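Order of writing sets the chain letters: A, B and C. Residues in each chain are counted from 1.
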Amino acid sequence: METIPMPAINFAAVMPETILSVFAMVLLLVNVFVPGKQKAYLAYLSLIGIIAAGVSVFNAWDAPLALREGFNGSVLQDNFSLFFKGIFLVSAALTLLISDQYLNRENCNHGEIYPLILLSTAGMMLMASGTDLMTIFLGLEVLSVSLYVLAGFNRDNVKSNEAGLKYFLLGAFSTGFLLYGMALTYGATGSTKIGSIASFVAQNAAVTANPLFLVGMLLMAVGFSFKIAAAPFHMWTPDVYEGAPTPITAFMSAGPKAAGFAAFIRVMIFAFPTLKADWSDLLWILAVLTMTVGNIIALSQDNIKRMLAYSSIAHAGYALVGFAAGNAEGAAGILFYMLSYAFMNIGAFAIIVLIGKKGEANNNIADFAGLGFRRPVLALLMAIFLFSLAGIPPMVGFVGKFYLFSAAIKSGFIWLAIIGVLNSAASVYYYLRVMVYMYMKDPVEEFDWVKVTPAIALSLLISVAGVMIPGVVPGYLLQLAQKAVLF
Amino acid sequence: MLGAYLPIIVLVAVAAAFGLGSIILSSLIGQKKPSDVKMSPYECGCDPVGSARERFSIKFYIIAMLFILFDIEAVFLYPWAVLFKRLGMFGLMEMGVFIVILFVGYIYVWKKGALEWE
Amino acid sequence: MLESLFFLIVAAVAVISSILVITCKNPINSALSLVMTFFCLATFYVMLDAPFMAAIQVIVYAGAIMVLIVFVIMLLNIRTETGRKTTHAILAGSIIGLFVLFQTCYFLTKGTLTGTKGAMDTALVEKVGHVELIGKALYTDFLLPFEITSLLLLVAIIGAVILSKRKI
């Protein structure tokens, strides 16, 4: 009876995930053992956890290969995943900052929201650094299950319940597609490790004609497209974004979307590099559909959360343009864009949190009427975020779109870039509409004199800095993104 | 190959035969003298009112859900128990981490009062 | 010979009980038919040299998940189905079903679907044992996914309490 040798463990490769999980468990216990209704201190404890994870991400940048790989090739913490981990941490931190006021107003200040946010962030990180289909799948499940619960977190609100249930049903369905695709790929190539799949495909060119393999790749693409809310797999987005608690909507639009892109890019570029011509065409169609559907339907929305939901579909489409390009510039463009999208979108949602009233009321675009006269600072910030979303210089949204579209042109996808620019121009209409309400209409009813808590003020400050500074001097962040895709 | 499972097949067959046999035999041999009292669900006490298909409380549901989750935990223990000696100290540690994470969940459920019949 | 006869019997029971799942008017009867189907699946796993999968099928599916399904039926108090079945659904379902059947037959006869054999073949499973092989893979190669599973279960525990406990 020989003993089984120990696998190669390397905790350094999963340090940020470990920190977040440990913090989540401690918070869960603190939540039940410390009595009292006021749970705001848990948010600050979670922030400490996020900062600690951020420090470990920072330290791991450019680390030698021995410190990156771990668990028999299940994870690889390269610069690519570290950049994404930075995005997840930023969106989680901003979400924590804006959630406390909302939760108190909606009377659902249960402490469990903080461990759930931390655990979903850990799941996203595992998706970004997973190099085994199983790691990616389980990371995605940890993320998704937390999000289903978070979407239905406002238990007394019917729309929140609806959002949780719809997200769960459709999400479980799409997970089925993803898992089926992984199983078929495993059956065709004999491994779940992305590196082994890639070397198998390189050695056996015949496998690319195997229907088992092609259907596997297609089904995985469907599963990931659902996660990033690409048309035609976007149907869940508007209802879930509208019904979910506003800070959670902000979180969902920034973090999980980036995580979906991270895993999507990892699987397509690492495992199927020889099939680039095939998936590039597929992504071309997806990108055009996603941009167009998102922008056209966003034009007719009256609820601002719903409008931003369709706008987030459109933004996934812009990122897909860079993905379809299939070159390093495109991948770097996605990384840069996802980070800037986290800043501008969570910033916009922070303003929505402030303007909203109890019971998820006051979320219509018309409710922003006259904000420019009553609360000029808030209106100015909202205008900055919306201009950035529309892609107007000197905000960061412009730089991001510029790099995505120029990557597409470099790869010869000129029509794709033109469609992207046209879409971006169309999107200006619905962002401007909010500004017309804010600056050119009289208020319908008086605004409640909302108190801007220090936490929200801090999140707004970080967001506006994240939108303006890289918008004017994008060099440093772009260099980081370009370095991150030197796989 | 299926020879190893012969005892199980025999057991299933015996169980099925016993169940079916009891019903069939009792209906064949037993006397049939139905009366109102005999046909009622409870021979003594109050007369049952309404259908037996009442709505269940959600309490049952949460217990069942927690049961599944810890059931899945138990599933992971079987192969570990089989390999316990060969995995050695390391196996004990990795299962320790697994159990501790779920134990946190268990403490949470307990302190939250989800196991109480409120 | 005996084995294929046994397979045919179990397969027939599996098909009949799964048809009963979708045709029974009373949801409880459907649920019990589903239990029968699960047991047939477990038998198939045994015949495929995967006894551990069979055990899981019985413990988790036929045991725990069926309890949950029956509780849900009782929670919602679904009575015997009264609604008329729409002919559109039957038509669409049969077209899709025939298509899938055709597809399966096509691929089976043409034989273009070729998988890649992994390291674990039947001989190895019979020599080392199914549970041992699964355990070895789970606790060495897939150690990280194994530990993530516990995180996933933890999230599910929190979710179950948050969403369905009456007072939190």
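Criterion: contacts are C-beta pairs under 8 Å (C-beta built on N, C-alpha and C of every residue); 3 or more make two chains touch, one makes a residue touch a chain.
All values derive from a computational prediction rather than experimental measurement.
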Pair with more cross-chain C-beta pairs in contact, given A-B and A-C: A-C
Going by average Cα coordinates, which chain is farthest removed from chain A? B
Can you check how far apart chain B and chain C are, centre to centre, with Cα atoms defining each centre and the answer in Å? 18
Note: chain B sits from chain A at a C-alpha centroid distance in Å of 41
At what distance in angstrom does the C-alpha mean of chain C lie from that of chain A? 33
Residues of chain B whose C-beta touches two or more other chains: 83, 87, 91, 101, 104-105, 108, 112
Contacts with two or more other chains occur in chain C at residues 136, 139, 143, 149, 151, 154, 156, 158, 161, 168
Please set out, as single numbers or ranges, the residues of chain A touching at least two other chains. 4, 6, 21, 25, 28
Listed in rising order, the residues of chain B that touch chain C in the complex are 1-2, 5, 53-62, 64-69, 71-76, 78-80, 82-83, 87, 91, 94, 97-99, 101-102, 104-106, 108-109, 112, 114, 118
Write out the stretch or stretches of chain C touching chain B in their complex. 2-3, 6, 46-47, 49, 52, 55-56, 59-60, 63-65, 67-68, 71-72, 74-77, 79, 129, 131-132, 134-136, 138-139, 143, 146-147, 149-151, 153-154, 156-158, 160-161, 164-168
Partner chain C, residues of chain A touching it in the complex: 4-7, 9, 14, 21, 25, 28, 70-72, 74-75, 110, 112, 115-116, 119-120, 122-123, 126, 132, 134-135, 138-139, 141-142, 145-146, 148-149, 152-153, 155, 164, 187-191, 200, 207, 210-212
Seen from chain A, its contact residues with chain B in the complex are 1-4, 6, 21, 25, 28-29, 32-33
State the interface residues of chain B toward chain A in the complex, per the touch definition above. 83, 85-88, 90-91, 101, 104-105, 107-108, 111-112
